[in-house]
Structures are given as structure tokens and as C-alpha cells.
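The following pair of complexes shares a single chain, chain A, combined with chain B in the former and chain C in the latter.
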Partner chain A sequence: MGRLLISRQITLWTAVAVLIIAGVLPLCLVLATSLADVGNYTSTLGNARIWRIFRTSLVLTVLTTVLAGFAGIPLGLLFARTDLPMRRVLTFALSMPLLFPPYILAVGWYEVLGRGGLLAQWAGSPVGEVTSRWLFGLPGAVLVLTTAFLPVVLLLTMTYVNAVNPTLEQAARLFSGWPAVIRSITIPLAAPGVLLSLVLVFLLTMGEFGAPAFLRVTVFPVATFTELTAFYNFGAATAAALPLVAVALLGLTMEQRVLRGKSFQFGWDGGREPSLLPLGRIRTPLCLLVTLAVLLVVALPLGALVFRGLSLAALGEAWDRAGGSAARSLGYSAVSATALAGLGFFLAYVIHRRAVVCWRWVDAAMLFLFTLPGTVIGIGLIALWNRRSTNWIYATPAILVIGYVAQYAVIGTRIILAGFAQTSSAVEEAAEVAGAGWFRRVFGILVPILGPSITMSWVVTFLFCLRDVSLPLLLAPPGYDTLTARTMTLMANGSAELIAALCLLSMSLTAVPLIVYGAARRMGSKAT
Partner chain B sequence: MSAIEFQGVWKRYDDRAAVAGLSFRIEEGERVVVHGPSGCGKTTVLRLIAGFLAPDVGRVLVGGKPVAADGRILVSPEHRHLGMVFQDLALWPHLTVAQNLDFALKAQRLASEIRRQRIADMLARVQLNGLADVYPARLSGGQQQRVAIARALVAQPLAVLMDEPLSNLDDELRDELCGQILDLHAQLGFTLVYVTHSKEEMRRIGSRVIRLRDGKEEIP
Partner chain C sequence: MKWAFLISGTIVVLAGCGAKPNSAKSKTVVIYVSEDQVFSEPILKDFEKETGIQVKAVFDTEEAKSTGVLNRLLAEKNNPQADVYWANEPVRADVLRQQGISTPFKPANAQQIPEQFKDKQGYWTGFSARARLLVVNRAAKTKPASILAYVDPKAKGKAVIANPLFGTTTVQMAALFAVWGDEKGKQFLAGLKANRVKLSTSNGESADFVGSGEFDFALVDSDDAVDRMRHGKPIDIVYPDQGEGEVGVLILPNAVALIRGGPNADNGKRLIEYLVSKETERKLAVADCAQIPLNPGVTPPKELKPIGQIRVMRVDYANLAVKLQSIQPVLKEWVGY
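So, the complex of A and B:
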């Protein structure tokens, strides 16, 4: 019994140690190093330019969050609680931008609104000049990032609205019509999730690097990146990252305050389908309006990319110049997703079973790492691993995998945690009573039961790794870059056709995990 | 005039008829228990009366007026003037006890003073004085049950529907609440449709019993 307990504790503490080494230690080290020379802080934070950049970042972030909420919350309610036709298709179409790095949308909009874009070709170059100036600035960045992060609000609103016990709404329907029920019951009960989505959009926008860099909007992650890569000013880069860390901490605090202990309304068994608000006469016009919006904000920029990049010559050149990067992207993402699924399983176990004393800290640390911009995590990892003694890691793609693990551990863990929450702990206890050891319980009972959650965790983290820009730009060793990093590099001097083709290549890579997931589900359903 | 009436009502889920040609009348002020084994269609009957479901065939009348017929809802739930106690109580967790009751009254557009008076009166009747500003999660199981009953009654509905409201309670509390429901009925004289699979509750609550089996009324 004692030996079994020890093997369990060793495994779980190892998982916690991996998280600490991958994410927490680099951050602590970078903070301690930069504090050694306070001059970094006084010169960087006393610089008016830094605060101008911070103001630009803040304006971009607030506008994006407000607009994403303004569009995403009503759409989430519409898709989750009304009889709008084609809800699934529209949800999928609006969620598509989440699958790609936001710079792909920026390139798509460039093909529509840029000087040589579709609009300029149709309405004349003076119009193109105006729209191009508008795109390469704050308004363009807001448009791109709102489209890119609207799915976060949409999907979380839908998830939390669908999680509201329908009986609570039916009880209210006895006294009031649907509008009052949605206003007084559904929205307040789903509010923690909706707020969480807004916090996430805020943090994702604050940390976004690729799209603002392409649109030449100098925001904080871009400034931090420049300090590090152009001047190799490590102390200044760390100091410049400090406001981002503060914002991430604020986001973490909000998440903890908003969601802690507010899961009371989600305790229903899911046995009863929610009633849908009949839209009546406005059903068809509303469907047409939403379809039009989808065509405008998703199909138009992505269609323009296809229009520009879908030629044999462009695709051939893209493959020649970035085929290796594409293959590496797939490889790194697959390895990282596998590591994240494995780590996520044990960390989810730690949190669900409260199996180590610091389980709450583990949860908070993962969330904090996710809310940090990739540039900050990248700086931390460089500080920790860029030494002669650890060059065997730093000079290889392993450093990138470590970066992905640090940044996305929370995603893999929370998906598997949801699986744990739906699984009775009695299944493990029954195996324990039957004499099964820790590893037999894990691999013989828990892993098969949680298979769908683990697969989902793998697919989602794969997608996040695949679309990441800032970590590979900072961490991938020479000759080992990813497709996103190569595309960002080629943007400086590549032709529009080549860039569009690279974006199409990037988009087609996202099909890989979806095919894997589809195949896994089919195999799973055949097996059952 | 009958309070509730079913005229040849059918309701199917996929290939299974949950309610199969059911007809009955419930008079005003009656205490009717709908009794039967699990899956016999009891809850479907209540959901048809409440307006959450429409009958595939047949008519449902509330207060003498047709409210649903042949696949169509003619009167939506909020206009049927009914109260309901759900099996899982469905107390709104983000609202206090008083706010739970007030939601039911707000739809009637009563002055706030009258609403406050009605809430205080109803809470006194169910022995929940002093708990108006407490959230449901802070209450005991029995107190939560009383809030659900008070919420169903506070708007002075035409009829109150109860869907196995005491099924999750221990014997002692169930006995106490059965007595309280009968007391409230004696005081307020509402029409009660009470669904249960418990013979004990059936005997205590019902002045008349509709026995269901496979969606049909079972004639003894």
C-alpha cells in the first residue's frame, strides 16, 4: 500500500515539477535577473515612448474586447437559445478564424482593403489608398482582432448558456415571456462564463503579436520582441514586459473572482433539452442578416486569400520555401500536443482529486502562464536555457516544445478536467479495492474512460501550438523554424501571391488534427 | 367551468406514445393526484398543462379556454396563470428568496408595496419569516421546498402543478410538507394537480386520483 501511494505521489509531483521547470522557473529567473539592475526599469518605464505604446495596446485591447462582446454575446444567445435556421453551420463559420493565427486574417483583409486589393481593383486605386491607410493602423488591427477573437466570446457564451439548467428557464416561463426570462434568468446565470470570455479576449489581444506586427501597429508584444531581437537588450525587454505581466495578473485575479464558486447553476443532469425561443416572423430575415455578416467578416477575407494564393506557381513556390517549415510545424505540434495531453492528464488528476497540497497554486500557475504573452514566456525560457551547460536543449526544437508546454498546459488540463468532473471517482476506487496498483488504475481504467477528453485535449492543444507565432519566432533555433515563423519572416520581402499561398498552406495544416479527431471518433464509435 | 381539461390528447416521443388519447376534467379547487409507475407519462401530462409541450393530437383547456391543440401552442405558459413546483425545485440560485417570489409577481405589474405585502404574507404562511433576503443555497432541503411552494402560490394562480416535489426528502420531512400542502390548500382553495409515484402521498394529497399506465388512464 505504501509503495503504491509513493508511486502515485512521485508521478503527480513529477507532473507539477515539469510545469514549474517549463513555466514558473523561467519567469522567476527573468524577474530576479532584471531586478538586479533597477536601471532597466527606470530607463524603460520612464520612457514616454513605452507608455505611448502601452496606451496603443490598451486602446486596441479595449476596443477589440468591447466589439467582440458586442457581437459575440448576442450571437451566442441567438445560436444557443433560438430556433434560428442553420445555427450549426453559422457557428462553425464564425468560429473558423480561431483555427488560424490572426495574421492570416490580417493578410486576408489586406487582399480586400490593401492598395492592390479587391476593393481597389473594383472601385479604383484612390479608394484602395484610403482603405489601405485605414487597414494599416489601429482601426484595421481592431477589425482583424475582433474577427479573430469573436469566436472566443461566441463559443463560451454558447457553452455557458447551454449549461444553464433548462428547468430554471421553464420555471420562469410560467410567469414571463422569453425576453424577460433571458434577461433575468439566462444571462445572469451565464454571466460568469461571458465575463470569462471577455477577460480571455482582453488578454489574448494584449498578448497578440503577429497581426499587429503585420499591420505595423506597435503594441507591447511587438516592442518587447524588438527590444530583444533587434538590440538584444535583455534587461530592457524584461522591463518592457512588466506591464504585460501586470495585466495578466489582473486577468488571472478576475478569472478567479468571477468563476470561483459560481458553478451552482451548472449542476443539471443534461437530461432535458432546453426550450428554444421561437423567432417567428423575424426568423428568416435574421438568418439572412447573420449569414451576410459571416460572409463579410469571414468568407470575404479568407476568400480573397484563396483568390490570390490558389495558383500552382504560388503554391509551388510556397512549398519550396516553406515545405520543411510546414512539416516541422506538424511535428513540433504533434510532439507538444502529446506532451500536453500526458501532462494535462496528471495535472487534471492533481486538481480534481486535490492530490497534492498546492493543487490550487498549480491551477493558478497554469492559467497565469496562459494569460502571459508568448514573448514574455520566450524571454524567460531564453534566460533559463541559453547557457553552455544546457545548450543540448536550447539549441534544439526541444526548447520550443517546452515553451508550448508552459503556455498551453492549462488548455490541455482543463479539457481533461472536464472529463474527470463527469466521471465518478468510484470507478478508480473500485479498481483500488480490487487490488489494482496506481499505474494499472491509470492506464487500465482512467485513461480508457477519459479517452475522448484526452483526444480532444490533444487536438485543441495541437491547434494552439500550430497557430502560435511569437514562441517559434523567439525560440526556434536556426534551421528549425515553423511555418508561422517562416511566413512572418517572408512577409518582409515576399510577393503577395507567395504570402497568400503560405497562409493557405497554414490553413490546410489545421485540417490535420481535425482529420485525426474525426478518425479517432469513428474508431471509438466502432469500438463501442 | 373546469380548471383543466384534456380532450383526446396524444403526445409521442419518437415512436413511443407518452400520452395516448388521454381525456379528463379537473374542477376548480380539486386536489387531483396523477399516479403511476416511472415512464407512464405523468410528467408529460404536467408539461402539457404548463405549456412546455404541445399535444400532437387533441386539445388542452385551462380555465375553460383551449390553450393548445393539434400540435400548436395557442396560449404560451406565462399567460396560462399557473404555478408549478418542479421535481428539482428550480429555484433561481442568483436570486434571494424574496426575489424568487417577486419574479412571479412582477409579471402581474403590481405596485411594489402590494408585491412586498404578498411576499411577506406568503413567506409567513410557509413559515419562512426572516429568510426573505437569503439565497436558496443557504437554505435546508425542507426550506428550499417551501420556497418552491411559496413561489408557485404567490401569484394566486388558477391551478398549481406539482411534479413529485417531495421525492428527494426523508419520510419525516415528507410527512410534514404533505400536511403543509394540505393546510395551504384549505386556506387558499387552489386547484392542485399533484404528480407522484408514491402511494402514501397519493392517499394523503388526492381527493381524486388519475392512474396512468403507458400514457392511458387505468380504470380500476
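So, the complex of A and C:
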């Protein structure tokens, strides 16, 4: 018994140690190095330009969050609780931008609103000049990032609205009409999830690098990246990241306050489908309106991208220049997602069973790492591993995998944690009473039961790794770049056709995890 | 989960095939490249084809302003990963010499390249150059003939220049400070402000502004000028300060340097020989980057003059590197960085 307890503790502490080595240690090191010269902080934080950039970042983030919430919450309610036609198709179409990096949308909008874009061709180059200036600025960045992160609000609103027990709504319907039920029952019960989605959009926008960089909007992640790569000033780059760290801590606090003590039972299984609000006469006009919005914000930029890049010559050149990078992107994402699923399982176990004393810190550290821009994590990893003795890490793709693990551990863990929340611990306890060892209980009982959550964790973290830009730009060793990094470097003087074709290639890669997920679900349903 | 491991394993193997892992060190060379990937990569691919040596490259992004890989080299000084550095101008290549990161190597293929474009001790070798030219909109009423047109009151609000904190405009400023002296350099910067010269994000954007007629003229790299001409923009090229006693045109050759302690030094030398060869210069001249060959006998792009017909600014690129460091605070203050 004692030996089993020790092996359990060793395994769980190993998982915690992996998180510390991958993410916490590099950050501590870079912080300590930069603190060695306080001048880094006084000169950087005393620079008015830094605060101008911070203000730009904050304005961009607030506008994006407000607009994504303004559009995403009503749409989530509309898709989850009304009889709007084509709800599934529209949900899928609006969620598409979440599947690939936001800079792809930026390139798509460039094809529409740029100097030589579709609008300029149609309405004349003076119009193109104006729209281009508008796109390459704060309004353009807000447009792109709102479109990119609206699905976060939409999907989480739908998820949490669907998690509301329909019997509560049906009981309320006996006394009042649908609007009052939505206002008094559905929205208050789903509010924590909706708030969480807004916090996530806020943090994702604050840490976004690719789209603002493409649109020449100097926000904090871009400034930190430039500080590091153009001036290679570790200390100044770390100091410049400090306001972001403060924002990350704020996000962490908000998340803890919003969800502390609240548990949600997803996949409501009360045997009764939620009844839908009948839209009546406005059903068709509303459907047309939403379809028009989808066409405008998703189909238009992506269609323009397809229009520009879908030629044999462009796709051939894209494959020739970036085929190897695309294969590597898949490989790194697969390895990282597998590591994240494995690590996520044990860290979820740690948090759910409160199996180590510092379980709350583990949870907080993961969320903190996620909220930090990849640039900051990259700086830390370079500081830690760039030594002759650790070339087996620094000079190989392992450094990139470590970066992904540090940044996205929280996603894999949280998804599996949701699975744990729906699994009775009595199952494991019964096996323990029957004499099954810990590893046997884990691999014989928990892993099969949590299979769908682990699969979902793998798919989602795969997508996040695949779309990441800033980590591979800083960390990919020579000859081992990813498709996103290659696209960013080819953007310097690359033809519009080539860039569009690279974006199409990137979009097609996202089909891989979806196919995997579909296949896994089919296998699962066959097995049952 | 078994299927996930299976799929991961398969994909990793596939990715490994795509990456052509470094099975034999002698058949590999690592290069860090500041020249745009879209132009430099085909050259490196040709080298791979001709020699069988696999090239592993790291390229710069726009955001790193052509200094990202240089700074990576500085960070890796005690743990060099690269064999060769291909800079898109010689000043930053000379920074490597000053920092003890590069090592001397005089390629035989560069013997005919003028001495002005090579480091005397062989720490770097120049090849295929860009010239810093004025692009002028054809509808503009005044035609500038000198960089000093920027501070001519007649051009007030009509000129644009790229941010001098980054890229080749930084080198241009360092060259002007070196040739004119600090006092005149500072006066010039003050004059730019007084004359309401627009600051753009890049030379390409400056050329676009002139092409669209928003501004009359801009100082840009020759490749930006040629690109806009080839796209039918109504612009002319002016070689500034070509008169007797005038400062001439700043020429910025690509520069290639061998890294001290790089893992594949011999292959690095072979790659350097290849890069400075006439054949590479010919390819870079006909490519969209329209580089001016420095080897005699190689035809330049049709829009540009051969190097021999240009009055070249007499600068010592090693001094420019020092000057660049010393004027950075001035430039930062001027830009409000």
C-alpha cells in the first residue's frame, strides 16, 4: 500500500515538476536576470512610448471584447434557445475563424480592403487607399480580432446556455413568457460562463501577436518581440512585458472570482430536450440577417483568400516553399498535443483530487502561463536552455514542444478536469477496495472513462499548437520552422498569391484534428 | 489514447522525412539570413541541388526589422548554432566582427568585387547590392536631385522617409552623420521635422506613397523602386548627389560572414563561395529583388545603372557600425521611441 502511495505521489509530483521546468522556471530565470539591472525597468517603464503602446493594446482589447460580446452573446442565445433555421450551419460558419491563426483573417481582409483588394478593383483605387489606411490601423485590428474571437463567446454562451437545466425554464414558462424566462432564468444561470468567455477574449486579444503585426499595429506582444529581436535586450523585453503580466494576473483573478465554487454539469442528461423559443414571423428575416452577417465577416475575407490563392501555380509554390514546414507543424502539434493530453490528465487528477498540497498553485500557474504572450515564454526558454550543455534541447524541436506545453497546459488540463467533474470518484474507490493498484486504476478505469475528454483535449491543444505564431518564430531551430513561422517570414516581399496560398495550406491543416476527432467519435460510437 | 499515440508517431515520422534530419553533419550547413526569404531561399535551394549539402536556414521577419537573426547570433555567441550569416547590408555583418562572432575568410570567387565592398581582413564579403535612391512621382512639380531636397522649404509636406530606427534607413542616417559630421546630421534631422516630412513604416510603404501620388518623393532602396516601376507606378528613379563634390549614392551590398566555431565550417565556406559567385549575382539581378551585381561583367537589372556608372558614397562600413551605435539615442529621441 505504502509503495503504491509513493508511486502515485511520484507520478503526480513528476507532472507538477514538468510544468515547473517547462514554464515556471524559465519565467523566474528571466525575471531574476532582468531584475539584476533595475535600469531596465526604470528606463522602459519610464518611457512614454511604452504606455502609449499599452494604451493601444488596452483600447484594442476592450473594443474587441465589447464587440465580440455584443455580437456573440445574442447569437449564442439565438442559436442555443430559438428555432432559427440553419442554426448548426451558421454556428459552424461563425466558428471557423477559431480554427486558424487570426493573421489569416487579416490577410483575407487585406485581399478585400487593401490597396489592390477586391473593393479597390470594384470601386476604384482612391477607395482602396482609404480602406487600406483604415485596415492597417486600430479599426482594422479590431475588425479582424473581433471576427477571430467572436466564436469563443458564441460557443461558450451556447455551451453554458445548453447546460441550464431545461426543467427550470419549463417551470418558469408556466408563469411567464419566453423573454422573461431568458432574462430571469437562462441568462443568470449561464452568466458565469459568458463572463468567462469575455475574460478569455480579453486575454487572447491582449496576447495576440500575428494579426496586429501584419496590420502594423504596435501592441504589447509586437513591441516585446521587436525589443527582443531588433534590439536583443532581454532585460528591456522583460520589463516591457511587465504590464502584460499585470493584465494576466488581473485575468487570473477575474477567472477565479467568476468560477470559484461554481460547478457545471455539461452534457445535460435529464432526458428532456430544452424547448425552443419560437421566433414566429421574424424567423426568416432574422435568419437572412445572420446569414448576411456570416457572409460579410467570414465568407468575404476567406473567399477573397481563396480567390487569390487558389491557383495551381500559387499552391504549387506554397507547397514547394512550405510543404516541409507544414509536415513539421503537424508533427510538433501532434507530439505536443499528446504530451499535453498526458500531462493534462495527471494535472487534472492533481487538481480534482487535491492530490498535492499546492494543487491550487498548479492551477493558477497554468492559467498564468496561458495568459502570458508567447513572446514572454519564448524569452524565458531561450534564457534557460541556450547553453552548450543543453543543446540537445535548444538545438532541436524539443524546445518548441516545451514552449507549447508551457503555454497550453491549462487548456488540456481544464478539458480533462471537466471530464473528472462528471465522473464519480466512487468508481476508483471501489477498484481500490477490490485491491487494484493506482496505475491499474488509472489506466484500467479512469483513462477509458475519460477517453472522450482526453480526445477532446488532444484535438483542442493540437489546434492551439498548430495556429501558434510567436513561439515558433522565437524558438524553432534552424531548418525546423513551422508553417506559421514560415508564412510570417515569407510575408516580407512575398507575392500576395503566395501568401494567400500559404494561408489556404494552413487552413487545410486544421482539417487534420477534426478528421481525427470525427474518426475517434465514430470508433467510440461503434464500441458502444 | 492508443490511436492518438499511433497517429502522433506516424505524423512525427512524416514530419521527420520532411525535415530531412541531420544524419551526417558534414552534409549540412546552417545559415541565418536577413535578406528576404522569398529571394534568398531559391538561391539556397540551388546550392543544395548543386552540392548535395542540406541548408538549414533561419530567416528574419518584417517585425524583427532585419536584425532578428543578427541578435540571435549575438545571443548564441558562446553556443554558436550557425555557420554563415547572410546580412542584407554590411554594417550589421561588421557588428559580428566587432563582437568576435565571425571569423576571417576570403572567398576566391570574390576577388573581382571592388575592395570597398569587402572587409580588408575578410570578416565579411559584399555581393549583390542595393542603392539608396530617390523615387519621384512623375506628376511632381519639383524634381529633387539631392537628399538635401528633404529640407528644402519648397518640399514642405511633400516628402516621406522610412522610420530611421530600423532597416536600411538607419544605415543611411549613420552614413550621412559619418560623411557630414554629427552637427550637420542633427541639423538635417531637425530640418526633416521642420519640413513636415512624413515618417512611414518601411521603404516599401514610402515607395507606395510616392506611387499613389500622396507624396512627391522618397528615399528608398533600389529594389523597392524597381518593384513599383515594374508594377506600372508613375515614378522615376533619381540617383541623388551625383555632381562633382557631392556625397554620392549609398550602396548597400549584401554581406556574408563565416561564424567562429560554427558546427560545419567547411560547408559554410563552400556556401560563401557560392553566394559571392557571379552566378548568384546574376540570379539576384534578374529576380524581383533587382540587386546590382558587384562582380564585373554581370548584367544589372534593366531599370538600374551598373555599379561602375554610379557615383558611390565613400564610406567605411566598419565605421558606420560604430556610428550607428552612437547615433541610436539621437534617432530614438527624434522618433520619440
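Basically, the second predicted complex is superposed on the first by the 519 of 528 C-alpha atoms of A that agree within 3 Å, B and C clash if a C-alpha of one lies under 4 Å from a C-alpha of the other, contacts with A are read in each partner's own complex, and residues count from 1 in each chain.
The rule is simple: a residue touches a chain if its C-beta (ideal position, glycine included) is under 8 Å from a C-beta of that chain, and two chains touch if they have at least 3 such contacts.
Worth saying up front: this structure is predicted, and the values here are computed from it rather than measured.
Steric overlap between chain B and chain C is absent once the structures are superposed on chain A; the two fit side by side. Contacts of A:332 after superposition: chain C is touched, whereas chain B is not reached. Between chain B and chain C, an angle of 160 degrees opens at the CA centre of chain A in the superposed model, to the nearest 10.
Of the two partners chain B and chain C, more chain A residues are in touch with C.
Judged by the touch definition given at the top, the superposed model places A:159 against neither chain B nor chain C. In the superposition on chain A, contact of A:172 is made with chain B only, not with chain C. In the superposition on chain A, A:477 contacts chain C only, with no contact to chain B. Once chain A of one complex is fitted onto chain A of the other, the partner contacts of A:188 are limited to chain B, with no touch recorded for chain C.
Touch criterion met: A:520 reaches chain C, while chain B stays clear of it.
Aligning both complexes on chain A leaves chain B and chain C separated at their closest CA atoms by 36 Å. Against chain A, in their complex, chain C makes its touches with residues 1, 3-5, 7-8, 11-12, 14-20, 22, 30-32, 36-39, 41, 54-65, 67-68, 71-72, 74-76, 78-79, 81-82, 166, 201, 204, 208, 212, 214, 288-289, 336-337.
On the chain A side of its complex with chain B, the touching residues are 165, 167-168, 170-177, 180, 184-185, 188-189, 264-265, 268, 275.
Within the complex formed with chain C, the residues of chain A that make contact are 47-49, 115, 125, 129, 213, 216, 222, 225-226, 228-232, 321, 323-332, 334-335, 337-338, 341, 382, 386-388, 391, 394-395, 447, 451, 454-455, 458, 473, 476-481, 486, 488-495, 498, 516, 519-520, 523.
Remark: chain B residues 50-52, 76-78, 80, 82-84, 86, 88, 90, 92-94, 103-104, 106-107, 137, 151, 155 touch chain A in the complex.
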